Every structure is written in C-alpha cells, then in structure tokens.
Amino acid sequence: MERLLFYLIAASLIGFGLLTVTSRRILRAAVYLFFVLAGMAALYFLMGYNFLAAVQLVVYAGGVVVLIVFAILLTHGIDHRLRLAPAGQMLAALALSLAGIGVSLFAIFSYDFPKVLREPEVEMSAIGQQLLSTGKNGYLLPFEVISILLLAVMVGAIVIAKGRKMKNS
Amino acid sequence: MDWQKLILMRDELSLTVLLLLLLVLEIAMDSRRKHQLPTIALALFALHTALGFLPLASGHLFGGMFHTTPMLQLMKSILNIGLLLVLLQAHAYVRSEWVGRERITEFYFLLFSSLLGAYFMISAGDFLMFYLGLELASLPVAALAAYELSRQRSAEAGIKLVLSAALASGVLLLGISFLYATGGSMYFEDLQKGLSPNVLSVLGFLFFFSGLSFKISLVPFHFWTADVYEGAPISVTSYLSVVSKGAAVFVLGILLVQLFPLYADIWREILVVIAILTMTLGNLFALRQTNMKRFLAFSSIAQAGFILLGLLAGDSRGMTAVLYFVLIYAFSNLAAFGVVQAIALHTGKETMSEYEGLYRSNPRLSLVMLLAMFSLAGVPPVAGFFGKFFLFMSAAGAGYYGLVLVAVINVVISLYYYLLVIRAMFLRKSEQPIAHFVSDLPMRISLVLCVAGILFLGLYSPVYEWVLGLVL
Amino acid sequence: MIEGVSIQEIMAVSVILFFIGVYGFLTRRNLISILISLDLLLNAVALNMAAINRYLHPDNFQGHFFAVFIIAVAAAEVAVAIAIIVDLYRLIHSVDVEEVDKLKY
Amino acid sequence: MTNFDYALWIPLLPFLSFLILGLSANKIKARAAGLTGVLSLVLATALSLLLAWSYFGAHGGGHEQAYAALQPLKWVWLRFTDTLPFEMGILLDPLSVMMLVVVTLVSLMVHIYSLGYMKGERGFARYYAFLSLFTFAMLGLVLANNIFQTYFFWELVGVSSFLLIGFYYDRPSAVAAAKKAFIVTRFADLGFLIGILILSYYAGTFDFAQLNAPDGPVLSKDWAPVFGGHSLMFWALLLIFMGAAGKSAMFPLHIWLPDAMEGPTPVSALIHAATMVVAGVYLVARLFPVYELVDYGAALQVVAWVGAISALLAAIMAMVQMDIKRVLAYSTMSQIGYMMLALGVSDGGADALGYTASLFHLFTHAFFKSLLFLGAGMIIHALHTNDLREMGNLRKHLPWTHWTFLIACLAISGIPPFSGFFSKDEILAAARENHFWIFAIGYFVAGLTAFYMFRLYFTIFWGRERQYSHKPHEGGWNMKLPLAFLALITLVAGFIPFGEFVSADGLPHHSALDWKLAGSSIGIALIGILAAMYLYSEYKQLPSQIARSLGPLYRLVERKFYIDDIYAFVAKRIMIDTIGAGVAWFDRHIVDGTMNLIGRTTLRLSSAIKGVQSGQVQHYALAFLGGALALAVFFFFRS
C-alpha cells in the first residue's frame, strides 16, 4: 500500500517537475512547483518526518511560492508566455542533465548500501530536544547561525528591494 | 556544556556583538550624524582585528560542530586584515551618492555578517555548519554586489552571483548527501573514519569539490567571477577577491587534508589539471582586458591557480605557503584595488587606457600600482615573489616539477599583462590624463599599509616563521 | 522508512528531480523561472538528505536537520534573488536573461 | 686574518645613494644628485680596491697556497625548513673580489661620464637613483654567498636594468626594448629558478661553499640518469645555465640585447658591457666545480657550444649593422660567447686554463668594451645620430675619442700589447687543448672581430667628411677623463699576471704565452684589420678629379684591372652582405620572429576564446556542470 503510494507520488513529482521547467506560462510553473513541494512533504510524511513535512509546507509551499508569485505578478502580465531557449542550448542542457542523471544513478545503483533492519520510530520530542541541545547531534549553534543568516538576508533584501529614496521626496 | 569554553568562539562572538551594535546604532543614532558611522564601524572593526591576534587555545564546542586551533585563528586574522583594508578603502565610497546616507549601516552589516559566515565556515566541524557558514558568507555579498541600485551592471552582477552561487551550492549539497550516505555522519570527526573511496563517495567528493571550487573561481567553475567583479562596487569586488576567496581557499586546504586523505590520489590529479587550466585561462583572458576591475578579476583567477600548488603537497609546509601567499596576495591585490577605487571615485574612470599618463599627474598612486603589479607578477624583491616562491618550492618538494614548469611559464605570461598597466601609467602620454587629486585619509592609510606589506612581508622573515609556527 | 521501497528508488527520484531542476536552470529564458528551477533543485537535495537519514543512519537526525536548514537557506536565497530581480526590473523593465549580459568577455 | 667586515659597505653605499636620491625624488638639484651618486661610488671603489689589495696581498709573493674563501658576514634570514635555511651573506674569494673591482671601477667611470652626457636631461636625479640601484644590485649579486641570494639580486639587476633601458620613456622604441629585455630575461630566469629549486632540494643547501665542496652533497654523490641519459643534476645545471644565457645574451636568448641599445649610452657601457651581461659568465664560474664534475662535465659541453655559436653568429651579424651601438651590442654578445666558450672547454684539461682565461677576458673586456661604449656615446653626443652612414672623418673633430677608441679596437682585436690580446690568446690556447672545432670557430671569430671593429673604426674616424649640421665637438672633462682612464687600464691590464690571482682551484696559475699561437692569432687579426681598412677607409684617399681627367684608362690601372674589385665584390657582396645579411635576417625573422610569434599566438588565442565568456549566466552554469560531470565521468571510467 505504502509502496503504491510512493510510486504515485514519485510519478507526480517527476511529472510536475518536468512541467515546472517546461511550462511556458510562468505562473503555472510556480503552481507546478507548489505541487512538487507538496509531494515532497507527502514523502516526508510517509517517512515519518512529520516535523520536516510541516516545515516544508509552511516555509516553502506557504512562504516561498507566495513570494515567487508576487514577484511574477510584479514583473509580468498574468498570461505572459515565455520564449524558448535556442535549440542548441536546449540540446546541450538536455544532454548534460541526462548525463548527470546517468552518472548519479550509476553510482547509486552500483553502490552496495548496507541493509538496515527495522529502525526506531521517529519521536517528535527527540527532535525538539536535539534542536536545542549543545552536545553532539545538538543543533543550537546552527540554529543561532541561521537566525543571523536570515537576519542578514532580510537586511540585504530590504535594502535592495525598497529602492532609493527619490531626490525630490 | 561548559559555558566557560565559549571563549573559544571569541572572534565569532565579538563580531556578532559588533553586528548587534551596528543595529543599535542604526536605530539610536540621529540621522544627521549618520555620516560618522563609517568611522565608528572602522574603529570597532580595527579593535576586533586587534583582538583576533591575542592567542587562543585550541578546542571544540557544541559536540564538535565548532572547533578552533591557532592555525584557524590565523586564517581568521588574515581575513580580518583583508577586510580592514577593504573598509579603509571603502570609507569615502560609502559616503558617496552611490550608497546614500540611509543605507550606510546596512553596508557594514552585510560585510560583517559575510565575514562571520567565513569564520564559521573555517571553524566548522561538520557539514551543516560548513554549509551555513558558506551561505552566510555568500548571500550578503550578493546583496552587496547589487548595492548600486541605479546601475544596471551592479544589479546584473548581483543576480549572476546569487543564481550561480545557488546552483553551485546545490551541486555541493548533492555531493554532501552522497558523502553522508556512505560515510554515515555529517561530523568531520566521524567522516574521517567512515569515508573510504567507493563509487558513490567519489562522486560525492567530486560534486563537493566542484561546488567549493566555484567559490575559489577555479576553471571551469570560474565564469561568474569576471562579470560579478566588474559589475559590483569596487569595495565589494575587493572583498570578494580577497576575503571570500581566501576563506574558500583555506577551507579547501583544511578539508582536503582533514577529511579526504584517502582520496589524495584523486584530488592531487584534479588539482594538477585544474591548476594548469586556471593559471593558463586566467592569464589568457587577463591579456585582453581593458577594464581594470575585469582585468584584476582574471588576474585573481590566475593567482588562485598558483595557490593550488601549495595545496598539492598536503603537508604543513604547503599550508604555510598557502597562508603566507594569501596574506601577501591580500596586500598586493588590495593595493591594486585601492588605486582603482581611488581613481574611480574621483574621476569615474575604470579603463586601462584612461590610466595613461597617470605617473605625471599622480606619481604616488602610480608607484603604489607599480608595486602592486610587481608583487602580483612575482617580481623579486617585493613580497609577491616570496609568496609564489614558497608555493613553487612546496610543489617542487612534492615532486611536481612539470607543474612548476607550467606555473613558471604562466608567471612569464602574467608579467606581460601586468606590464601593460605599468606601461599605460608610466610610459604613455595622454591628451587628457587624470587630473591630480588627493585621496581621503583612510584610503591613504590603507595604501601605505599595503605598500608596507608588499615591501616588507617578503623580506621580514619573522612573519613567515610566525605563520609556520602557528600552522605546525 | 516507507514499506517496500528501497533507498535506491528514493535517491533515484531525488536525483532525477535535481537534474530536472538543472535542466530548467539551463534553459529557462526568464530570471524568475530560473529561480523556480533552483528551488526544485535544492528541494531535491533536501529530500535526498532526509531519505538517507531515514534509511541508512536512523539513529540520529543529522540528515533530517540538514534538510530543515536547506529549506530555510533556500528561502533566504529566494528572498535575495527576488529583491535583486525586482531592482533589475525597475532598471530595464525586463527579467529576460538575454537582457542581462552587459558584462561579458 | 684581516677583518673584512667593511665589505658590507661596498654594496651598501650605492644603496644609500639610491635611497637618498629616490626619496628626495625631484626635489634635489641635478648637481647634488650627480655628486651624491659619484661620491658614493668613489667611496665604494676605494673600499673595493682596498679590499682587493689586502685580500690578494695577504698571500704575498707567490707561495703555492690557495686563496681562502672567506665569509665575513652571514646570517640566517629565513628558516624555510630546519635543514634548508635561506641565508644572506658575503663571500669573498678571488672571483668575487675581482668582480668587485671591475664593477665598482666601471660603474664609477659611468657615473662620472654621465655627469656630462646626461646633463640637462629631464629626470637627472631619477637617472642617478636607478644607476645607484643597479650598482647595488650588481654588487649584491657578486658578493652573494648562496645561490638564492644570487637569484634575488639577479632579479633586482633585471628590474633596475629595465628601468634604465626604459629611461627615455617617451620613446616608444625604448619602452618596447625595455619590455622585451625584461620579458626575455625573465623567461630565462624562470629556468634558473627551477634549476635552483631542483639543485637545492637535492643538495639540501643553497650555500656555494657546500655546493662546490668536493665532499659536499652534490659532488660526493653518484647521480643516476633520469632523463635523456643524464642525471637530474645535469638538467638542473642546464636550467641554471638557461638563466645565465638569458642575462648574458647567448643564442637564442640574445634577441633583447640589440634592442636594449635604446637606453642611454652610458647605461649600455655599464650594463651591456661590464656588468649585467657578464653575470651569466660569473654564475657559471661560481658553480664551476659542479659544472665540471656532474655527469663528467656534460653541461660544460653545452656551455662551450652555446658560447661558440653565439660568438660566431654575433660576429657575423656585427659586420652588417649600420647603427654604431648595435655593432657594439653584437660585439659584446660575441665576446661573451668567447668567455662562455672558454669556461666550457676548461673541464679537466690543462689545469682548467679556460677558467682563468675566461675570467681574464671578462676582466679586460669590461674595460675596453665600456671604453668603446663611452666613446660611442661621445660620438652620439656630438652628432646626435647613431647611424654609421652619417659619420666619417671624425678623427679631426674628436681627437680624444679617436685615440681611445683606437686603443679599444686594437685591444678587442687582439693586437699586443693591448689587454685583449693576452686574454684572447689564453682562450684560444685553452680551446686548442680541448676541441678542434671550437678552437677553429674561436680562431675564425678573432678575425671577424678585428674586421668588424675596424670597419666601425674606419667608417667613423676616416672615410668621407660629412655635412654636419654643426661642428662636432667633444664633451667636457667629466666625459674625457673616464675615456682616458679606461684607455690606460686597457693598455696595462694585459700585463697583470691574472692567473696568479684567479684560477679554478684557487692556486696561483702560471701561464706562459705560446708565441706560435699568439703569432697566428695576431695574423688573423691583422688580416681582418687590413680587410676593413681596404674596404672602408679608401674612397677619399685619392682625389676623384685626377681619376676623372685620365678617363677609363687610369681607372683601369688605378683599379688594378678590377681584380681587386672582383675580389672586393666577392668578399663584400657575397661574404658580408649575403651571408652576414642572411644571418641577420635569420636572427630577425626566425629567432626574433619565433618569440614574437609566441607572443602573438598567445594574444590571438586569448581573443579566440573570448566568446566563452558570453555574459549569459546559463552558459556559465553549463560550463560549471560540464566540468563537474567531466570529472565524474573521468574518474568512473578510470577506476
């Protein structure tokens, strides 16, 4: 059952992924991206990573996609159709992507992964504790660092986005 | 956790305090007095730099996510020196119309947070901290690159930087995930034991290496460099070429030795090929540049190729050579950028032909440039020569005679284009030379410091021995 | 761990998604759609991290947290990129990559 | 033991002068600047003469004991590794003491001469600052006690000569020449650098004393062949010789020397006659034991042949040049070829006579060649042209120049009792012991030398009187005095028992003149001189009016039935114009052209690949991913 579900999700991920990068209507591409992200959240859910799935949905699907949609609306008409890249470039990109997939799949399938027996269930409390722990496998420091990172990025983004005060105002 | 051990994070904490102080100042300060901010920021940062030279024990914190040794400390200090010089040179720029009074604090805030990222990257004990440090070091710079809002080129530089960097970190992350899959941990300590070359981990290593090479602008991962360097404000370009690049070089040096000793056969081979490509292509492109910033961009690409020679040996001697080179490179490159900055600020001129006859009107500036060019070209007796010499020496010691030969040929090629600048300044007459001007005091201080560094770092041997002592 | 699904299969999905993102990055003619492709690509890695964590090294949450942080950083990246794109749009009224090539050679 | 600590002041004095002149920039008056330069050199010269006197005097008359190599000063400058520290120090041995005397004396003369020659030039103080810097660098090079220090000053010499050659920076040709000289010698120097790296890594030391010691790390070991049947040491020595050949303008790295004549003439006298260009010879001599013993002197064979070929080619090219300084430049190259040849043939045979001969020639050549350059400077100063075709019959206008120039010409041609005769004779004697063909080339070149020097002499000082825009006159005393002094040395230097002081093993070396050889070398020199006289001094001897009045008959007789003309035609047209011009063409187009081609190809390549940097961020990403995947594919298929 879970297996079937996985294949369904995987197929939709790849399908929507392809649509995201090929659709000629940019707003639709953003919507397809949303579907991909939601599909991933579903996979996280299946794996038992509820927290991660929630983060994915809230931060990404909720936040980022909205940001992107705003940006699109700011810079395009709703039914703006994208032009296609030159055929040569498309071909080169296609070849390169296929080569990348080939190389990576070759590596993944020829590597002998160790068999893992039944693993423990994921406990939310353990995640919460680790997030604030300072010992090994504790994530307090990265947590602090990412807050600085977000702060710096916000400062940067606002400074750039708010534009210059006009001379006369 | 023993909170007293937090002293090991002295530099990070002090820089964080600095960041917060800036925010407080921005809020509390009367907007009419904002023009004093550059001076305050400069003074605070000078204090921070001085603090960084105080000795500090080695140790690790947060379960090994953060670790520090005297060598890492020294690396941070070298970056501090670089940024201090950049700040001195940026002093007049920040107050110019390009930045605007209302965005001064942010300029410093972004620079400092990027440096903080570089610190964390250097001190990282696991891939997560490394990744966060890397992003913290590069995202604010992308914003800085686009800082000149009314110039298309600036925005273009910013968008090119942020998109390329994101792609590079994507590839780097994919590499990390493969390494994690086979090595079983994100901690360097555990990975050191867990990693051994196999098909998946080699692929992971190669992706990881490519992503990091992007930061150092090694060929063929370098293409963004010239465009971004040319488009970004000069202060940001100097920051990118010295501090960002220096940090990435340090990290590469540390990780290759610490994390991937078993992959030495692979990375040695790669480094040889990439060093040759980087030196040669950097030089070939530098030859034909007319814009000074772009010219220096390619020159700095070629210089990165030389640095790889020191990483090849993978021993402390080579690492010393690398640190020493980066230190000298910082002074030489910033001397050149300082002159470019001063001229651009006073006249808006950036192309090489506009430098013609500079010696007549601004003899001192052109002498600084002359020294910088000599040092970058590695002409004895200025410091640049010694920097290169030790790199070559270390590569020759490891048996890479062929590579040293190629490097030496590239030195000759590079000499040609560095002489082009000298020729323009000293040997060409111009109908409309750049008029005589006097730069602001901080700029002059920074140039004097750079000249002192270029002249004495090579000759004053205790510096080298000091570096050596900290690396060992 | 998903019942009956091997780690190879999940990794294959995420790698394929990653390179779909790469393809988009390489071919889209518009800065925002390049950004969209980038998000696809980064999320594919996050998925990879989480899956590896769950399947191969389940006794702690290193990959899981890495995925969380990747998501956060990716969001930050998008914020900076969009700010610059908006600025660029103010200047040249276009977000076409072909217009963004004043700097070259 | 005498205390030689004061040797440090010899390089230091010019350096101080450089500092004073350099720091005071344009604020100092020209007169004061000149005096500062001259004064520092006077003191340095006095010190080095004193040093030479007490150094060689320490042994008194003729006891058979080697001169000691002293290191009065030495300090560790940088501890690169515990076993391989960089040092700075002073090495005094016969070789370096002799060079000290040469460098300071010639430099002093040039300093004095320049007071007159450069008078009124813009940047007079700058000129003296550069001159002092150059002298400092050269002295530091000579005194170096280790090969790294040598390299260091070697480069400094290169930089300061770059500044001096490019002194007339508003002349494009001067700038191009300076750049060419800098780049070509830098290219050679990098070979030198790699040579040092290899040598020092395997020897574990930079120190000359240890490198040259018979039981030292280099010579006590058997080096297995690694490449091309020769040991690594051999290749290291060859690379070092590449540096030497670059500085000393040996074929094919000589192309910068003729162009470098764009610099002020006194500079040529200093750099291109007596000091920088002989640094290569000095370097090989400095490492002579190593060259002699590693791989049984295989590297010396190369030195000998490069020297011989350079001597021959340069002599041929000197015959067709029309620029007075270019003739001298090629002549310098040819004479240095001689010195290299002499070093090269001195392995083992005849107590390494060639070594002594080579340095003896270096010694004498330094004086008469700088005399020639300074004389040429006098002529250029008077006429404001370098072109031989605009000169003639100057002996009446420039008597001092004429006589001193003649002395120098006789010396370089090897006519006794002038100094060149003695040293050249010794070189030929050494070559005869060793290798017939090298000897034959040397002998032939001796004739050519006499010929082209006297072609120069007769063209300038005899020949037709030209229309001069104003009456040529000589410079003041400050220009005449150096000429006279150098002529005096040229007259007496040959009688110095040079072998008593400088020899390969440090022991006094008695050489007797072999009159049979001397006679034949004088013979060929005379042939050369007579041929030049015949071809270049004749026209004006017979008033042309007589010729015209007597008509064709007279002309037939007067021309000795044209037999001479046929001979002259054959000799001049074929021998000189065709072959000489051919060689010159080869030099300009093939040798020089190759270098230019390399430069142009690099530039063209650079513009061919510019399209890669298209400005499209996606193209960059393509390259990035392509690179990453190429690495992956490469390593997958390999393992």
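All chains are identified by letter, namely A, B, C and D, in their written order; residue positions are counted from 1 within each chain.
Methods note: contacts are C-beta pairs under 8 Å (C-beta built on N, C-alpha and C of every residue); 3 or more make two chains touch, one makes a residue touch a chain.
Since the model is a prediction, treat every value here as computed from it, not as a measurement.
Relative to the centroid of all protein Cα atoms, the closest per-chain Cα centroid is that of B. Centre to centre, using the average C-alpha position, chain B and chain D are separated by 43 Å.
Inter-chain centre distance (chain B to chain C, centres taken as mean C-alpha positions): 27 Å.
Averaging C-alpha coordinates per chain places the centre of chain C 65 Å away from that of chain D.
One finds 70 Å separating the Cα centroids of chain A and chain D. Shown for chain C are the residues in touch with two or more other chains, namely 11, 15, 18, 21-22, 25-27, 34-35, 56, 62, 65, 69, 73-74, 76-77, 80, 83-85, 87, 90, 100-105.
For chain A, residues touching at least two other chains, in rising order: 85, 89, 92-93, 96, 100, 103-104, 106-108, 113, 137, 139, 142, 146, 149, 153, 156-157, 160, 163. Counting only residues that touch two or more partner chains, chain D has 610, 613, 615, 617-619, 621-622, 625-626, 632, 636. If each chain is drawn as a node and touching chains are joined, the picture has every node linked to every other. Residue ranges of chain B in contact with chain A, taken from their complex: 1, 16, 19, 61-66, 100, 102-103, 106, 109-110, 113-114, 116-117, 120, 128-129, 132-133, 135-136, 139-140, 142-144, 146-147, 149-150, 158, 174, 178, 181-182, 187, 198-200, 202-203.
Of all residues in chain A, those touching chain C in their complex are 1-3, 5-6, 10, 13-14, 17-18, 20-22, 26, 29-30, 33, 36-37, 40, 43-44, 46-49, 51-52, 55-56, 59-60, 63-64, 67-68, 71-72, 74-76, 82-85, 89-90, 92-94, 96-98, 100-101, 104-105, 108-109, 113-114, 116, 119-120, 126-127, 130-131, 137, 139, 142, 146, 149-150, 153-154, 156-158, 160-161, 163. Within the complex formed with chain B, the residues of chain C that make contact are 11, 15, 18, 21-22, 25, 31, 34-35, 38, 41-42, 45, 48-49, 52-53, 56-57, 62-63, 65-66, 69-70, 73-74, 76-77, 80-81, 83-85, 87-88, 90-92, 100-105. Per the touch definition, chain A reaches chain B in the complex via residues 103-104, 106-108, 110-111, 113, 133-142, 145-146, 148-149, 151-153, 155-157, 159-160, 163-165.
The part of chain B that touches chain C in the complex is made up of residues 126-128, 131-132, 135, 139, 142-143, 146, 149-153, 155-160, 162-163, 166-167, 170, 173-174, 176-177, 180-181, 184-187, 226-228, 230-231, 288.
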